[in-house]
Amino acid sequence: MRHAIDPAAVEARLREDQAGTIKAVLVVQVDTSSGVVNDIAAIRRAMDAAGHGALLMADVVGSLATMPFEMNEWRVDVAVAGSQKGLMTPPGLSFVAAGDRAVAAHQNAGLRTRYWDWTARDSQIHYQQYCGTPPEHMLFGLRRALELLFEEGLDNAFRRHRLLADAVRCAVGVWSQRGALEFNIVAPTARANSVTTILLNDGRDPASLLKYCDEKTGVVLGRGINELTGKAFRIAHMGHLNAPMILGTLGAVEMALVALDFPGASGGVQAAIASLARSAPATP
Amino acid sequence: MRHAIDPAAVEARLREDQAGTIKAVLVVQVDTSSGVVNDIAAIRRAMDAAGHGALLMADVVGSLATMPFEMNEWRVDVAVAGSQKGLMTPPGLSFVAAGDRAVAAHQNAGLRTRYWDWTARDSQIHYQQYCGTPPEHMLFGLRRALELLFEEGLDNAFRRHRLLADAVRCAVGVWSQRGALEFNIVAPTARANSVTTILLNDGRDPASLLKYCDEKTGVVLGRGINELTGKAFRIAHMGHLNAPMILGTLGAVEMALVALDFPGASGGVQAAIASLARSAPATP
Amino acid sequence: MRHAIDPAAVEARLREDQAGTIKAVLVVQVDTSSGVVNDIAAIRRAMDAAGHGALLMADVVGSLATMPFEMNEWRVDVAVAGSQKGLMTPPGLSFVAAGDRAVAAHQNAGLRTRYWDWTARDSQIHYQQYCGTPPEHMLFGLRRALELLFEEGLDNAFRRHRLLADAVRCAVGVWSQRGALEFNIVAPTARANSVTTILLNDGRDPASLLKYCDEKTGVVLGRGINELTGKAFRIAHMGHLNAPMILGTLGAVEMALVALDFPGASGGVQAAIASLARSAPATP
Amino acid sequence: MRHAIDPAAVEARLREDQAGTIKAVLVVQVDTSSGVVNDIAAIRRAMDAAGHGALLMADVVGSLATMPFEMNEWRVDVAVAGSQKGLMTPPGLSFVAAGDRAVAAHQNAGLRTRYWDWTARDSQIHYQQYCGTPPEHMLFGLRRALELLFEEGLDNAFRRHRLLADAVRCAVGVWSQRGALEFNIVAPTARANSVTTILLNDGRDPASLLKYCDEKTGVVLGRGINELTGKAFRIAHMGHLNAPMILGTLGAVEMALVALDFPGASGGVQAAIASLARSAPATP
């Protein structure tokens, strides 16, 4: 996948569905394998334009707290998230938020399974008596992470993610100039602020790059997964992260590119530094 | 202080001291304010050449575990160290090692004070009965830090410090090309592997640079101290440190230099990356 | 529930099921609400005696690592466990172990749901590609807990649980002598080594006892749950636990019993101490 | 030492010193080897009664935050304390507080040593330039411990120490009834609220008791030190401590006394529980 979901295509597909067989549109806000960000507000508008009654469900695991997500304004019916990315808590917790339309649909759902059944879960008594032992240490961690986020301010956190992602994209832009690498996501506006996926060209295998970064610098990069297995690597830039952390990571990647003789390997980090200096000018 | 101690000057001074009034030569291996490294072996040779019987005492607080220190081979009589630098443990512990000549001199010392008196300390019984409560949590931390060091191997730790220091010096070398900055220590061979002190020229005040790094990037640099107050800043590169940490730090400094319009601010990190890539080539 | 499952009743019930409508016998080894321990080996023998082909499934959440569980020897087909009790890890992980007969039955199961489907889970490729982010911090914690257990030795851990449970039962035995309290589980042999549930008689409400222990001593006791709500309290004695911890807990309960004027409140802890001293005699 | 300092003896000794050769009276508020508490206010009154101008210096290492210490009201001129007892921080920090008379005496002191010289220390510039690296992790720990203390309230902390110490003394009182043990400090009012020292009679060696507690229960008791070596053991009850912790400790000791056949070994913990229940009655 190298492109964001096209809202026009969603609209066209829904218009075809006269019989209403489509029950829900599922969309991931940021897909952490491809590095794409989808425009959920635009998909909502496309659904409205088609006049189709499907539910809108969003996976915000890879985006929550790194960019705006307006469940009410965009009329998202169900959202799922997890603790381990923008929420800065170890993996192990996931969350479901459901709006009125989703709850109403649930009342008539014909495929409930016991573990996931909202009815059973949505009750204090039930919860206390049958839900088992909650993962309370994870909850304590999440509470502290949320305190950190709210102390920073969500808008500041969004801006921080955007500026750090810009720095990464500046570096990758330079490294790409001689064609050895390229962004997996073609359109600049469709590149996520939480992760960047980078394709290797000319049949290069990312394994040696990942190995170099791990063994020589201690930096563990994401592998390409699914159809990108063996073709890409990923730089995550979400969560508890600041400029020196991202510059250190980019520095490790550039070390690897230089050491592995990638054409056009130099200059990426310098461009990232320039981008960050512009976005964080000195206060007079 | 912009130079290492000159062994020839030590030799000359000792030759003048026919009366033997000089009881000891005190030398710091790495001075963390100036960033100088002194050549203790050469000072030992100078003392030998002068035929003077003074004790040789070394302060290795800022150097131990970051570079070789051969107490026996160099016949250092007393060495003092601390927990908080190359030994990677919180500050709070210091150490004294004394050789036979120092212990012998102590027997006749006329200026003992109760707290520091080696005789009282050098006894199991005394230690158990009168020494008070040892800082055992610090000792546990030190033990773990020593395990980390020995797992890495001292020679590897020395090499790591040297390569990371080289990367810092490459960056500072580039930043210095247009004269806005310069190394405090003039001779390249006298620059320490544990810390680099950088002078600002043209009357620039390091305060704005330190403030930028702290507030915009979270990186806290060392201030100039003593005669360098208001004239210098310091980049520490000792202890539990790797390439992305040092590149992140240098990246933060270069951000500040760019944002504060230092002439010749760019290119330092790129030079550091090239240096590290050379010293850590890809394994075929 | 005041009694363990009667294996004879299981046998009789299975003999009645000529049509084989019973697919599985589910048994909890230790039920942490009632404090009962069921004899799984005896249930296995009862199933064998009835010649019935039902699967035997065991919930060992509240017992694993506190007492023997012989999945192979007792031919248990499925076992489920959790991280947070005898395994001494924060809550958040659960485990399923399945034997050959269970796996075979699964092949023909007509009620698979996506999340729980073993087929999808039982594959390295599937696991890597679709399983999501594992709760690795919990797994690191579990690994360390297992190391602690294996260092102690499972037999030693079982013995420790038995002796500490004996101490608790000695204390409760004394407190029960004047009828204010009694064991929820009637038969001494059916009382679990991981938790003891205690009924309050004469209409006493455990709330004041729980409140006293919490507010005056910091000890948080388990409430009675399910049909024991408002009638019982529970003392847990499983996991990372030793003699002073259990004596401190019993001491807090006895403080509360004395302060709340329970008849026969004294002497329980003294009996627990005597029991522990007998089971841990001084080495000559 | 089995008795507190007698203020009348202090007064008499000072009256004899017509020449004023005594420069200071040094007193420890709680001596953690003997378990004595000295009455500093009474010693102050004795000094006043004698009309002698000696300084009053107090060691409050073992008492600060466990009982009142009124430096101003009692006109104590110098007080020394440490981090590791009532202040609930790892060992490694000590403190000196000096009043006006002590500072004035210091101006004319003829035995200053560089490390301890207050003049050098009592200056911001000096501190920043020459004092070295402060043990800041210890200071962070101390700050948190002080927050805990002030949240509890000093008066509450004093009361907590008194009640827990009373419980220990109740237990020791019972264990002593048949003469196998006795309090080291003879007068009940001279027994400290932070530690209790217990003598073994009839030539019994505390080593087997300490070994039993350590190996069988994990409780590490204090050894007798100085003149009590081989004759006594100590139960500390200061700092971050509550009722179940003290009852667990006493329970471990009573296990050892029973297992080692001390006459009159039982009943101590029961008395401690009764004492605590009286001092923490149930709220109606």
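Just so it is clear, A, B, C and D label the chains in written order, and each chain counts residues from 1 on its own.
Everything below uses one rule, namely that a residue touches a chain if its C-beta (ideal position, glycine included) is under 8 Å from a C-beta of that chain, and two chains touch if they have at least 3 such contacts.
Since the structure is predicted, the reported quantities are computational estimates derived from the model, not experimental observations.
Least step count on the touch graph, chain A to chain C: 1. If you average the CA atoms of chain B and of chain D, the two centres end up 41 Å from each other.
One finds 58 Å separating the Cα centroids of chain B and chain C. Chain centres here are Cα means. That of chain C falls 44 Å from that of chain D. Annotation for chain D: no residues touch 2 or more other chains.
Pairs of chains that satisfy the touch definition comprise A-B, A-C, B-D, C-D. Looking at the complex, you find that chain D touches chain B at residues 82, 84, 90-92, 113, 115-116, 128-129, 132-138, 225-226.
The part of chain D that touches chain C in the complex is made up of residues 208, 212, 215-219, 242-252, 254-256, 258-260, 266-267, 269-270, 272-274, 276-277, 280-283.
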